[in-house]
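In what follows, a structure is listed as structure tokens, so that the remarks can point back to it.
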Amino acid sequence: MQKNDIISLLEGYKNGELTQEEVLNKLVYLPYKDLQFAKLDYHRGIRVGYPEVIYCEGKELEHLKKIVEDMLKLDKNILATRVSKEAYRAICEVTDNLIYSEVARICVINPKDIKKEGLVAVVTGGTADIKVAEEAAITLETFGNNVDRIYDVGVAGIHRLFNNLERIRKANVVVAVAGMEGALASVVAGLVDVPVIAVPTSVGYGANFNGLSALLTMLNSCAAGVSVVNIDNGFGAGYIASLINKRVAEGVE
Amino acid sequence: MQKNDIISLLEGYKNGELTQEEVLNKLVYLPYKDLQFAKLDYHRGIRVGYPEVIYCEGKELEHLKKIVEDMLKLDKNILATRVSKEAYRAICEVTDNLIYSEVARICVINPKDIKKEGLVAVVTGGTADIKVAEEAAITLETFGNNVDRIYDVGVAGIHRLFNNLERIRKANVVVAVAGMEGALASVVAGLVDVPVIAVPTSVGYGANFNGLSALLTMLNSCAAGVSVVNIDNGFGAGYIASLINKRVAEGVE
Amino acid sequence: MQKNDIISLLEGYKNGELTQEEVLNKLVYLPYKDLQFAKLDYHRGIRVGYPEVIYCEGKELEHLKKIVEDMLKLDKNILATRVSKEAYRAICEVTDNLIYSEVARICVINPKDIKKEGLVAVVTGGTADIKVAEEAAITLETFGNNVDRIYDVGVAGIHRLFNNLERIRKANVVVAVAGMEGALASVVAGLVDVPVIAVPTSVGYGANFNGLSALLTMLNSCAAGVSVVNIDNGFGAGYIASLINKRVAEGVE
Amino acid sequence: MQKNDIISLLEGYKNGELTQEEVLNKLVYLPYKDLQFAKLDYHRGIRVGYPEVIYCEGKELEHLKKIVEDMLKLDKNILATRVSKEAYRAICEVTDNLIYSEVARICVINPKDIKKEGLVAVVTGGTADIKVAEEAAITLETFGNNVDRIYDVGVAGIHRLFNNLERIRKANVVVAVAGMEGALASVVAGLVDVPVIAVPTSVGYGANFNGLSALLTMLNSCAAGVSVVNIDNGFGAGYIASLINKRVAEGVE
Amino acid sequence: MQKNDIISLLEGYKNGELTQEEVLNKLVYLPYKDLQFAKLDYHRGIRVGYPEVIYCEGKELEHLKKIVEDMLKLDKNILATRVSKEAYRAICEVTDNLIYSEVARICVINPKDIKKEGLVAVVTGGTADIKVAEEAAITLETFGNNVDRIYDVGVAGIHRLFNNLERIRKANVVVAVAGMEGALASVVAGLVDVPVIAVPTSVGYGANFNGLSALLTMLNSCAAGVSVVNIDNGFGAGYIASLINKRVAEGVE
Amino acid sequence: MQKNDIISLLEGYKNGELTQEEVLNKLVYLPYKDLQFAKLDYHRGIRVGYPEVIYCEGKELEHLKKIVEDMLKLDKNILATRVSKEAYRAICEVTDNLIYSEVARICVINPKDIKKEGLVAVVTGGTADIKVAEEAAITLETFGNNVDRIYDVGVAGIHRLFNNLERIRKANVVVAVAGMEGALASVVAGLVDVPVIAVPTSVGYGANFNGLSALLTMLNSCAAGVSVVNIDNGFGAGYIASLINKRVAEGVE
Amino acid sequence: MQKNDIISLLEGYKNGELTQEEVLNKLVYLPYKDLQFAKLDYHRGIRVGYPEVIYCEGKELEHLKKIVEDMLKLDKNILATRVSKEAYRAICEVTDNLIYSEVARICVINPKDIKKEGLVAVVTGGTADIKVAEEAAITLETFGNNVDRIYDVGVAGIHRLFNNLERIRKANVVVAVAGMEGALASVVAGLVDVPVIAVPTSVGYGANFNGLSALLTMLNSCAAGVSVVNIDNGFGAGYIASLINKRVAEGVE
Amino acid sequence: MQKNDIISLLEGYKNGELTQEEVLNKLVYLPYKDLQFAKLDYHRGIRVGYPEVIYCEGKELEHLKKIVEDMLKLDKNILATRVSKEAYRAICEVTDNLIYSEVARICVINPKDIKKEGLVAVVTGGTADIKVAEEAAITLETFGNNVDRIYDVGVAGIHRLFNNLERIRKANVVVAVAGMEGALASVVAGLVDVPVIAVPTSVGYGANFNGLSALLTMLNSCAAGVSVVNIDNGFGAGYIASLINKRVAEGVE
């Protein structure tokens, strides 16, 4: 489309329909529009069928329904995150072709068959971290990654982690989800040679300060190989883990 | 001494030298004085030869020298903590009967032979935590506890910790010293059945916030059996570990 | 069980059913499994009847009921903490053999007669701290410790504390629970020669910052002999106090 | 002076030298000038010989010397606070009629005989708090208050405090100076019926966070009767304590 | 009562009913009991009819009713603070002889005629600070102080403050209540020569951090003569202001 | 009015009805009253029809209704901010001549035709920031400024911002509203030569800490030309932007 | 220059020297380059002689000298900020055509005569804030603004501020610089109808937390019309004040 | 080695030299030792020549020299980080076969030729961030990654970033290093489809709080695809970027 705009300009100029002045004026501000086009060209999503994403929290229901309606026209699969039950019911009024995970608060709308590549391990310290882990895991699957869920293997009973080290080592990336003192990420990074994306959760109480404790633990990991996303940000962890895993699975671009 | 004061009062009253009014007036305010006496009577230190303790940081050198001189009259061993090199030289002007640990910044003045009881394990995450650990260890030894030093066994290479679990299990208390993300205390408490006194250290940088990161980690330990002292407070950890270990070693009072 | 696995391997190898290669492969990854076994062997709980523990906060009710059902098969007593009324009602659907403390939010399920040893004093600054103190006290009793409750003896009326010093001195450990400015732990540690496990509570308002004030006070205690658990963590304080008290009561292992 | 200005305006208007317009214009902006005058009239300092005060920290030495020179023309006594040794030497170049307290970092310049009234007790938790306490005490004396210094009576050895309660009870105000956990202020306020001005100090380390710990403790005092000034602000505590004590000593205005 | 206990001991010893040993043993632990007695003797409240105080927040209703019932036996007036509507209704079940201020969340139970002395000015920055100011004002009145309420005179329209300076100058103490940026306390202290007890309130939003902003402003007041109580602590401000005002009004003890 | 008071004083003095003493006494305290008058004279609002403003949050409904009733007597337009639905219904009981924006929580009561001047661009990072942006935009319009709304142009899709740079460059001031990481303000200030008033919003979660993240980002902008108002403070941003825009539009005073 | 590049492309295409493909490829990535050009075109600095700016803090001296050398080739005046004495000496090795303000730590290199427009008032609370105020004032002057310096008019002696209100009212913008409690900005904004750019300074101690106290005060100003820059950021305040003042002085663009 | 130990045990048991009991006892504690062996087997470093790493900060010089001496025996290349000049001189006493980067504070000791794979882009916002970026870049090179350095492309002049987007898009990972407001990471992630490892730096002042500002910005990135390491942690960023890049370059394991 935009490419065509430039071609039209060029041709209009060549055949005398447009003056140099007119062409120049349009080209000077074109960059900003082209930026989008350029970016899209490089965006793997376009080529391989990445879903559209809607962050639902704070959106009014009428607004949300309208966005979903618009997106459905693209005939793509859509990943909606932070979907409350109310938001889920609102989306249902627009379409019934959707899968809802209440625990992960995620909706996959207009779900398509996606070829899954590579492997990402999603591990949690406790059972209360699972809701954040599932946000990561479903994000990963919807973006086309194989996921191995390894839950409740925190350091309070560290043998549970050891029993699963082989599974973790097979992954291209680990998403390590933990609250309370958040030591899981350090311990995993000390044991495997795989990049670890750490997700602190707000699970805990008192001097946990809504996840600050786990966040600081993970940022200060004495074992190298850990980087961290925001507290409870399962989607963010899934997204960057997908970028990494697919790049490995597909080889160098 | 004070006991004698009360006896004098009682006898003076009995033999008519003091009126009831006079005795009453003295006794009403006696409590505050008696408190000291009462407390000392119950203080195990008096009976078993606990050392005197001087916290040197912030004390002027002339002041410090005078305190040491006074204490030497008691013919007891003295534990001086947070002793800078300048403070050490100042103390040397008063006496040369002392042992100085530069790394732990501790002086044992007028050292006595102390019978050591029980066992406390002092473990550290890294080598940079050793100066805090030594403050704990020397405090423990000076107070009459056997100490097993197990250094540099942090979670970045967790097998080092596992190689030493048997030694740790033999102790009555563990003092776990760690900076950075401070996961050591949780991991140890998840593996052994011994009370863990955790000491966060200010080792690290950035979002470590001078030890806040390790402090929060330890307070939020997902494994039970951990309690925490102030950042870099090796003496405090040693002191409470000594209270526990000696109570175990000596049996119920 | 696991011991038997190893024995089978050894015998299978000896009598030629297994090759050296096969045995070796299994043994290399055995460690992680053995860890559990080894740990259990050293876990006093196995031998002396420690209860199972469930932390209920954040668990879904269906999940919780299933966990309780499973545990009941072991015929052991179970300690459930942070039990809301809803959680309590859910557990009641599984069994009616339980005792519920609403104030401590604790359930003792399938309660057994437990021999109580030693003595732990649980003291609070005010009446609003009692709910945290009860979590500690009931945890202690369920783990087999004698408990002396001494409530509402905070420094606003310090004579109340003094009237109770003799009771406190008889304990092997003190659990000191206080909110607001949290001075209780320092004052107690300055008066008795017993290890103090301090529990800051979120009681108070304003610059109390949900317990941060009391937490910092306790960490900075000018009196030695204090270590600290997380804000409102009555269970954690009870658990480590139990480790200490029973070790004293039972003598050196 | 300013009063005279208004009188001139009024008379000028009455005898026709000034138009109503001219007088009105001047009066409209007079308020801002009158404010100073009004305030001074009510300022007890003017009548009873309060000293001038210079806060030296951050002032350049040449600037400081010039301020002192100017003030000396008033023939009043001058209180200079936060005086470093360098600042002291600079002031000495201007005048040698001064008294310097190195520990309190205070200079009384051109000292006058001051009638001292009432009584303020200045108490500290430890010896390291004395430098802040002396700033308060010398401020109080220079402003004309009797001071009773009661140092090193912190809660680590609470009997020391009790031995001095009678002295504290005789004061009209208590200035309570303490670092570390800062429990002194609460304990004093729980024992005496005298207003307590609490001064947190930055004495301590680790989770003391440069005095934040003591500040929060004092703000959250469970005993009523405590109010708090800034960390290490001995001058501020002395100033408000002087306002209170002198008002008591002089009776209702 | 307790005085009599000591007299009995002395007489019992004199007439041979008690041995010296027996008397000595009792006297050694007497202090703690005497402390209460001693303290009460010095407590002005006992002599002049200070009310009993109940802090209701966090107390269970049944508990609260029982406390009120007990206190009513003393035939004294009672000040209950932080009284929710539920708590108010609970107290009404015990007695209907009470006055409730919903805005201040204060109950005066069994109200007595109190002679009011001196003068305390209570000023607020805005109308939203009034609920905290009323807690201070009613506390002051119930403790026998005259109160001048000067509300909504914050620095956003500073002329309102100036119009009221003369009223403020007549007081022995000012209680300055302000939220948002909390500049009121500094400005008042810069204009009057009266001690200022500053109360930060949680009024505001965003970087106000529930009152932290106003708290820090007040602690850092560039005008001397300000000390600070906890955020929203109207009772605490009223209590210390009462201590000061009554001491001025009654003259030196 | 007040001008007249002074004139009366002057004339009364001139014609002998008032003594110099009487006039002087009144004038000395006049300043505080005059301040208001002086200020109003300079207040552009008086001359050009600025609305009255009511901040509704925390005001009781009865109180609010009374304030609105009083203000209506002035026959001016009134801007009510932070208007909940309940507050809106309360205002409706007083008058039905009003416009309510639910999203901005703003009421314009007794709306007047206002001449709009200059141009202010209001930009947001996301759609969830719109409610704060609308508070700014409606404030600006009610104060007589033209507003260009440019919403949802945050840095996650920076081409959207570039497509709108020309519109932004036409404004005299930019109000940049953003939550999460708040990078919008820096990026805008790096691209345009217009003063930027940045409004951090509390949109986001986790380590966003209710807007602290965006606040710090904006304060630390590496691009010059940014200043910041409180978190979510759309009104404050609109107010200062109006001061700037109108001053530009009207030329130097 | 760049314009010419596009013209060349167009002409090359028209006359057949370049294929459509070749032109298209170059135009797609042109935007990024054009951005600079577009921006410069709109940058008032280019037209009216704004200085180049170097932020010196953290730059190595050799690096700094090289940057200055390069800039000197442009024959423009250069504003260097955060210039330590060492940095000043380094710059002197490159050129001696410069003016250095030690107090503001600013160098104006290759100074040019600048036409000054409009008026900005720079006010400070105390004398210790002057170094930050001078950074703002010299920045303003170097960018071509008239500056009125009004220093040491903080709220501790508020009459000093009132004596200067008329001067402040004449300005198009106020830069209000204050440390400690930072109330100056609120008070000024409550008294004048001019936009206030507030600069918190790190002046103070204790709970000032290096300027955090003043920062929060200013962000929470109860008077509207205040926006805030970073702590000690005199340059940033001068820069945005210049944008505003010049826009007013030059009229709408 | 350890494998052989197990084989010996097995054979000893088979041929009757060891009893089942003896073998069992050894195997039970083997796990901890085997862990190391197992881990090493899976550690790519062993096979492909990763360097040994020494973190020098806080290590005593004598200690450091000894560690280097020991490591040199392995004939591997060694990466020493946080190397002060003093530490560098100490290492020089042990060997002169080393390369020192003063700006990155990194030493490559006993440097080997390393095959470099893939591509990592290291970008910085300003020049002051380069020292952290170089720590990342040299770490990456020493671990065998190709590095493209793109410095000083922060959002204050965003066209500089756009000019370099094509280079950034060619990388498998981006390390984005920025201080002040740290917006670089969000902007990059919004423009490219490559995982971004963000490194906040402590560059800046005031409300930057030593890097906290940039850290929070990066954690709250509104663009997905960003994860974060500790403040100033160039090594950590390089390490995880290497894990990712090499995995892509080498393909799935």
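List of remarks:
Letters A, B, C, D, E, F, G and H mark the chains in the order given here, with residues in each chain numbered from 1 onward.
Everything below uses one rule, namely that contacts are C-beta pairs under 8 Å (C-beta built on N, C-alpha and C of every residue); 3 or more make two chains touch, one makes a residue touch a chain.
To keep track of the chains, here are their UniProt names: A, B, C, D, E, F, G, H = Circadian phase modifier.
What you are looking at is a predicted structure, and each value in this text was computed from that prediction instead of being measured.
Within the contact network of the assembly, the step distance from subunit B to subunit E comes to 1. The set of chains in contact with subunit B as well as subunit G comprises A, D, E, H.
Common neighbours of subunit D and subunit F under the contact definition above: E, G. Set against the C-alpha centre of subunit A, every other chain centre is closer than that of D. Chain centre most remote from that of subunit B: F (centre = mean of CA atoms).
Here subunit C and subunit H face each other with the same set of residues for the most part; over half of the interface numbers are shared between them. For the pair subunit D and subunit G, the CA-based superposition corresponds to a rotation of 90 degrees in steps of 5. One inter-chain figure worth recording: subunit A and subunit F are separated by 39 Å, centre to centre, where each centre is the mean of the chain's CA atoms. Measuring from the averaged C-alpha position of subunit A to that of subunit H gives a distance of 25 Å. Of all residues in subunit C, those that touch two or more other chains are 29, 31-32, 35, 39, 158, 191, 206-208, 212, 215, 219-221, 224, 230-231. Each chain pair that touches appears in this list: A-B, A-C, A-F, A-G, A-H, B-C, B-D, B-E, B-H, C-D, C-E, C-H, D-E, D-F, D-G, E-F, E-G, F-G, F-H, G-H.
Against subunit G, the residues of subunit E that register as touching in their complex are 125-126, 154-158, 180-183, 186-187, 189-191, 204, 206-209, 212-214, 216-224. Per the touch definition, subunit D reaches subunit E in the complex via residues 35, 39, 42-45, 53, 118, 162, 169, 172-173, 191-198, 215, 219-221, 224-231, 235-237, 239-240, 243-244, 247-249, 251-253.
Within the complex, the subunit A residues that touch subunit C are 127-128, 157-159, 162-163, 165-166, 203, 205-208.
Within the complex formed with subunit E, the residues of subunit B that make contact are 3, 6-7, 10-11, 13-14, 20, 23-24, 27-32, 34-35, 37-38.
Across the complex, subunit A is touched by residues 29, 31-33, 35-36, 39, 57-59, 63, 200, 202, 210-212, 215, 230-233 of subunit C.
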